[in-house]
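Before any comments, here is the structure.
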Amino acid sequence: MSQAGTRNAARDMFEADVASRSLGIELVEAGAGTATARMRVTEAMLNGYQIMHGGYLFLLADTAFGCACNSHGPMTVAAGAEVSFIAAAHLGDELTAVASERTRYGRNGIYDVTVYRDGPGGPVTVAEFRGRSRTVERESEAT
Amino acid sequence: MSQAGTRNAARDMFEADVASRSLGIELVEAGAGTATARMRVTEAMLNGYQIMHGGYLFLLADTAFGCACNSHGPMTVAAGAEVSFIAAAHLGDELTAVASERTRYGRNGIYDVTVYRDGPGGPVTVAEFRGRSRTVERESEAT
Amino acid sequence: MSQAGTRNAARDMFEADVASRSLGIELVEAGAGTATARMRVTEAMLNGYQIMHGGYLFLLADTAFGCACNSHGPMTVAAGAEVSFIAAAHLGDELTAVASERTRYGRNGIYDVTVYRDGPGGPVTVAEFRGRSRTVERESEAT
Amino acid sequence: MSQAGTRNAARDMFEADVASRSLGIELVEAGAGTATARMRVTEAMLNGYQIMHGGYLFLLADTAFGCACNSHGPMTVAAGAEVSFIAAAHLGDELTAVASERTRYGRNGIYDVTVYRDGPGGPVTVAEFRGRSRTVERESEAT
């Protein structure tokens, strides 16, 4: 698929992704098997410890993963994921999630996503995420 | 800790959890090492395929996990998690996340969370989540 | 499938499993979606810190998982797994791995395995393992 | 730490690792946060389907991970790992595991290991492994 086509498949999916767009997530870059997404931490994302709820951190990574694994064209869904929470994110932090494809085999794929924020001494990693994708014909075949 | 105390530690944390409460999550049950949370899928939670964004599914499980692992009192954070997405959730579905403690060792814990919705033939599992917790003195010691 | 049939499917596979049998692993129990396997830690299993190499701990859990997920009949392989190492195992320890099915969906399954050793105050958990299985027609379709 | 020092910390640990050496594993390379290990599949490693037991595949990856995460000097143990099995390995295959450090934070680290074999058209990925490490003062503090 041409770079332009790739860009469009991921971008089209992102345009229709109400969840990501409602949260102010921006799709910064989308290539073949890659994607970069960005989000700012708002008050509505804070948990009982006044730090960003892990669910929103996961969501940002999952959006970047979804754009990367759908960049090849066919409908591809998340089969699962593993995440390590490395540093807390706070109100106002701008987080960037960078997804890249590690491998594809059959209808499966593995994608790594690093989420970071900018710190005084350079980027600070906030989470490391690894997603497992599955290409399907239609939603009902997702498993 | 008494059952009543347990209930209060998790409930207090949940009361302060703006992220979970903004999404309409209810804490249905909270015991020693256990918690049940419930959420209805809204339009703002749908992704580009018109199914619930995996991030919100994770968030619900993570909230139940957070209540269960903080039920013992000391501040406990998520160190990481693993999730398998089993069935899609749709607009209007009411999802229930049931968290239970599998083991604790040192300052670590492992908690299993099953997310399901009710179907005509009984509960339908939507996701299986396993969280790893870490008890800390204060947030800066999270790692 | 009858309990007797289940027993035989897992037992037949185990009988042919040279890797497990060469290490002295015993299949203690095999039911529908469950299996219990046992192994003693030998010198050949120790790593550079004089504790059991994590690979052998994983292997024991994986054998119990394999028996449990093949108990239903059709050829089923491990698609992946997640393990947490909880306590060290030492020379001479007898380890028991108990596998149970958490869920099955389409051609996938999730199985939990707890590995423990007996301590003076009761069983001590050594590892928690979660395996993801995939039923295939033949090996070449494994993915 | 100098490159030479790094090399020696990992190499010393590997020299003492009876489990890895008994299986014929070779430590091909060891640098700061990296390691490459190699192993040939023997008959004693085959499971009931006549393919390499996943436990041995994990073990090879875990050895490379162990060398990489101990390259910095202080005693470091595996806290856990996640593995995806991508292709079957067969009798006689020579497998190579390449470990690299993704991040370190506090006493924790995350390491990625790719296991591959050589195929007619280039390397074929057999497994993707992600290990979580924990630096400890002594074994009893492992958790």
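Letters are used for the chains, namely A, B, C and D, taken in the order the chains are written, and counting of residues starts over at 1 for each.
Please note the rule applied: contacts are C-beta pairs under 8 Å (C-beta built on N, C-alpha and C of every residue); 3 or more make two chains touch, one makes a residue touch a chain.
Note that this is a predicted model, so its numbers are computed, not measured.
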Angle, in degrees to the nearest 5, of the Cα rotation that carries subunit A onto subunit D: 180
Homomeric contact subunit B-subunit C: same or different residue positions, threshold half: same
Comparison of A-B and A-C by number of C-beta pairs in contact, larger one: A-B
Euclidean distance of C-alpha centroids - subunit B vs subunit C, Å: 28
Inter-centroid spacing, subunit B versus subunit A (mean Cα positions, whole Å): 21
Averaged-CA centre spacing for the pair subunit C and subunit A, given as whole angstrom: 33
For subunit B, residues that touch 2 or more chains besides their own: 80, 82, 84, 86-87, 105, 108, 132, 143
In the complex with subunit A, residue positions of subunit B that touch it: 12-20, 22, 43-49, 51-56, 58-60, 62-63, 66, 75, 77-88, 139, 142-143
Contact footprint of subunit C on subunit B as seen in their complex: 82, 84, 86-87, 102-103, 105, 108, 110, 112, 114, 125, 128, 130, 132
Interface residues, subunit B side, partner subunit D - complex: 80, 82, 105-108, 132, 143
